[in-house]
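Consider the two complexes below, in which chain A is the common component and chain B and chain C are the respective partners.
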Partner chain A sequence: MIRFFQACADGLLTGALYALIGMGLALIFGVMRIVNFAHGAFLMVGMYATYVLFDTFKLNPYIGFLPAGLALFLFGWLIYLVLIRPVRDRSHFMQILMTTGIGLILTDSAQLIFKADYRQTNIDLINRSVHIGPFGANAAEVLSFAIAIAFVAGLYFFVARSLTGQALRAISQSPEVAPLMGINLTRIQGFSFALGIALAGVAGGLLLPRLYLFPGVGEDYTTKAFVMVVLGGMGSIEGAALGGLVLGLSESLTSLYAGNQWALIVDFILFLLVLSFKPSGIFGRQRA
Partner chain B sequence: MRLKKVFAIAIASAALISSAWGQATTRIGVITSLTGSQAAFGEAHKNGYSIALDEINAKGGVLGKKLELDFYDDQSKPDQAVQGVSKLVDQDQVPMLLGSYSSESTKAIVPAVAQRETPLIIPTATADNVMDSKSPWIFRICAGANDYAKATIGFLKANGAPKTMAIVYENTNFGQSNMKAMTAAAKEAGINLVAVESYEAKSPDYKAVLQRVKQANPEVIYFCSYLLDATTLMRQSREVDLNPKYYTSAGTGFAAAEFPTEKGAGKNADFTFSVSQWLPSAKWAGSKEFDAEYFKRFNSHPQYHAMQAYAALKVAAQAINNAKSLDPAKIRDAIKNIDLASTSFGHVKFDSGQNQHPVLITQIQNGQYRVVFPADAAESKPIIPAPAWSKR
Partner chain C sequence: MSLLKSWKFWVAILVVLLWARVPWFVRNNYQLQVLFRITLFAALGLAWNLVGGYAGQLSLGHVAFFGVGAYGLALFVQAGIPIWISVLLAGVVAALFAAVIGAIAFRLRGPYFTLATIAFAEVLRLTATNLNVTGGAIGLTMPSLFVGRTFWRSFYLAAVVLAVIAFLANYWASRSRFGYYLMAIREDEDTAGAVGINTALCKLQALLLSAFLTALGGALYGSAFQFIVPDSVLTLEISVQIAIITMLGGAGTLLGPIVGAAVLLWSQEKFKNQFQESHLLIYGVLIVLVVLFLPEGIVGGIERLFRKRPRLPSARAKAQAAPGAAV
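Moving on, here comes the complex of A and B:
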């Protein structure tokens, strides 16, 4: 039984970071109806940004993720203006090609600049563990969990309460009518795209100490983020966050009871089940 | 039509010129992992090759010409390694190849090399299936997974004869092949396998895997891992408080120079056992000199991967000199007939392509690799059991 709860705790520690990644994708999808196939690549860029800060300025990744996230926000806005806005009203097919292309270019640029080498930050915190009763956890994972949860909650209240959040939801509910009500479509879309990318960057920075960093590191996360968004109901931000936690739990429990090699398979079985039987998501909400 | 002809002539003359230029030196093609997840081993390869190259050229090169190495970086990816064969053999027209680093990449290049009828010496790939093709063009200088498993079992039998074992392996060719070899060897020795767990090297959360192993409570764990995963496995073993009597391993990550240092697992590496194919303290003549030269150049002590690269190139140069020709078939026959009784990597002689090489067992004690088995080569006594994490 202790093993079960330990695995649940491990799953939630990872799940909170997944939630951050999934929310970014859901935000972009909700407001723009664009599936960002470059999401994992942006996460990778966030990791490298945090890594460079660590490597050159000895900045701890748990501080470095903030400037990295900010840089990704600006980068995301730029990408929106230059590459995404032109395909905003084009077919989904064009948009998929565009975001996939952006992802490939980011990954290959990273390979060009940083080579295919695997890097690690090896900070002191990663070698410490926290014990509560019979349960143990890596100190770095606990810290990134806490930060991720703070961001998830912050984003939730931002979208629910703030004026910009209301504009986001208005556009997501009706992209045709919202501009007639005086909402600047380009500015809100640019903002939400940039925010979604910044969240991926923050997640990347928080993942850095516990992952190996290499140019292809983001690939798995694009598909995982997609699974979370579907689990949570397409476009629902809080749904994607819950989807992230569910995914973390399912991976951890599958690894424990069936073996590590089954974790990804179960991810996709969940994905297919939800798509076939409950396409509105396991939590039943349609959109943000 | 005419344009095509002009093109063809231009290309043909360019090829002639470049091959004529190539005559000034002799080139051997080397495929290894200079970047990517296995870059630490690729660098060891490169260092070993460079020492061998300088020694060979100091003694007059091969066939009276200066020897050059034509490196191809496979980025630790099998498909890139295959591209390397095409680049080095078809385009650069090297008469023979050395490489690659990993078992996965090496298995991928074997058919491509055999098809091009170019001799290949494999320096480090331990998966035994790299020799499955039985192609007369493929030679391997290192010992393989079966030798690793047998040596480890021999050591365990002589040191407490444990009854239960768990195997934890990375799920590419290297890990799979070593897992199979150990499964067979353990069964033969009457050791009960209580858990056999695979993991994907690039997703570094092995805690669930280690929890499953802990539940099975084995006396011995046999890890088949590369460097980054070996580092994380030991850290997470500490986190889940996994305390077998013996941490053993199929070398590689657990035998890398970085592993017991701060760049690797640091203190968590202590008390782990590993197979080894060579150490600076090996009894073979030239070992100490190689270690000294390596330390002088690279400021670290070499592990067996560097020595295997060094030995492979020395053998290749010797074979070309013996063949007195750059004809691949003649070089192949010269490698077949090579019989070097005393090299710094021991006796080198290929039997159906495979060099018969002895395997040692080492243990990390106070951050240093010490040979603990077999008895006639041992420098230290093994420390058994590994102390529990709470007592370290």
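Moving on, here comes the complex of A and C:
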């Protein structure tokens, strides 16, 4: 039983980071109806940005993720203006191809610049652990959990309360009427795309200390992010956060009872089941 | 017979004969292998075109059928079934998989459909990696369809035959009632359903045919390279490659996939030497350029240049919104 609860705790620790990734994707889909197949690639760019800061300035990844996230925010806005805005009114077909192309360019540019070597950051924290009662957890994971939760909560309140958040929700509800009410469509879309990318970058920075870094590291996260977003109901930001936690739990429990190699299969089967029986998501209302 | 009087028919026969004669001019095995890949991917693009081009359903899961073809051939031969019958059986099994995928995925539209096809292919890849029957991550040795000195020449010819079959399927789709149904579904699925087309059945039939042809391609590919692992014949990259080839050449056009395969794979070979591991960069750049500037693809763009009547503004706006709309 203690192993069950330990696995749940581990699952939630990972799940909070997943939530961050999923919320970014949901934000982009909700506001723009664009399915971002490059999400994992942007996460990878965030990891490399944090790594470069660590490597050249000896900046701890748990601080370095902030400037990295900021850099990705600007980068995301640029990508929006140059590549996403021109396909804003095209079919999903074209948008999917566009983001797939962006993902390929990012991954292979990383390959060109950093080669295919596996890289690692060695920081002190990763070797310490925290004990609460009978449960133990890696100190680095607890710290990244805390930071991720802070971001998730911050984003939730930002979207729910702020004026910009209201504009985001207005566009997601009706992209035709919202501009008539004086909302600048291009600016709000650019902002939300940039914010979604920045969240992926932050998640990348927080993942860096516990993963090996290589150009293809983001690939699994694109598909995982889709699983979360579909679980939570496409376009629902709080749904995606819950989807992230569910995914973390299911992976952790699958690893415990069936072995690590089945975790990703369970993700996809969950995904297909939700798509076929409740396409609006487990927690979601019908959006798209 | 009117067919025999049509100059297009005789030109097509001539092109195929020349195409099949290429190995007699190329002595180098490496070049022959490149030509084999171009021809094979032209066939795969044509097979994808039935679903992605004419019916307008963007599947990024076609590698599932490709992989089932390759693994099916290996496993049926292991079970003692004659090799050419195994190839056909692998195609039939892929069509069965397509029926399952279609039953679930075709109820979904737009990005949901694409995501579901990816998820299916990924489930197959991960299952093949984890099961013992499929050799796990170590993979399987493939039975050889051809042996001896004419190895690559035979594989090349087999690819030409497959491409011709796939082309005829496309030709049929571009002229027949069935093809018009598919195009109606692409343009507006709800209206197509409202005028009495059984949209679910039409999409499924197109997918079954497409999956069967794709599986034959997978069997050829696996056998030619003699060895398969999940990451070589079930990777998402191949799905993307097939879709890109068709989009680059022109989705929903007859010659598009052939032109796309030639342009993409040839430039990939050129870039392989310069960028080595990053040769996929050219894909990314090509995709972005095609989406931005050539949404109808190379053949679609040329056809528009030579179209005699100017298009109505509304039709043109629609063509930009729906990429496969070029006839």
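Here is the rule we use: the second predicted complex is superposed on the first by the 285 of 288 C-alpha atoms of A that agree within 3 Å, B and C clash if a C-alpha of one lies under 4 Å from a C-alpha of the other, contacts with A are read in each partner's own complex, and residues count from 1 in each chain.
Everything that follows uses one rule, which is that contacts are C-beta pairs under 8 Å (C-beta built on N, C-alpha and C of every residue); 3 or more make two chains touch, one makes a residue touch a chain.
It should be emphasised that the depicted structure is a prediction, and the values quoted were computed from it without experimental measurement.
In this superposed model built on chain A, chain B and chain C occupy separate space and fit side by side. By the touch criterion defined above, A:M1 lies against neither chain B nor chain C after alignment on the C-alpha atoms of chain A.
In the superposed pair of complexes, A:N127 makes contact with chain B only, with no contact to chain C.
Here the vertex is the CA centre of chain A, and the angle it makes with the centres of chain B and chain C is 70 degrees, a multiple of 10. Once the two complexes are overlaid on the shared chain, A:L180 sits clear of chain B and of chain C alike. Within the superposed three-chain arrangement, the count of touched residues of chain A is higher for C, of the candidates chain B and chain C.
Of the two partner chains placed around the shared chain by superposition, chain C is the only one that A:R90 touches, whereas chain B remains out of contact. By the touch criterion stated above, A:G101 is placed in contact with chain C alone, chain B being left untouched. In the superposition on chain A, contact is made by A:L112 with chain C only, not with chain B. By the document's definition of touching, neither partner reaches A:L163: not chain B, not chain C. When the two structures are aligned on the shared chain, A:S255 is found in touch with chain B, with no touch to chain C. With chain A used as the common frame, chain B approaches chain C to a shortest CA-CA distance of 5 Å. Within chain A, the residues touching chain B in one complex and chain C in the other are 115-116, 261. Listing the residues of chain C that touch chain A in their complex gives 56, 58, 60, 104, 107-108, 110-112, 114-116, 118-120, 122-123, 126-127, 129-130, 240, 243-244, 247, 275, 277-281, 283-288, 290-292, 295, 320-324. Those residues of chain B that touch chain A in the shared complex are 35-37, 39, 75-77, 171, 197-200, 202-209, 211-212, 215, 228, 231, 235, 238-241, 262-263, 266.
The touching residues of chain A, counted against chain B in their complex, run 3, 6-7, 10, 14, 115-118, 120, 122, 126-127, 129, 136-138, 210-212, 214, 220, 252, 255-256, 259-261. Residue ranges on chain A touching chain C, taken from their complex, read 35, 83, 86-87, 89-94, 96-98, 100-109, 111-112, 115-116, 223, 226, 230, 234, 261-262, 264-265, 268-269, 271-272, 275-276, 279, 288.
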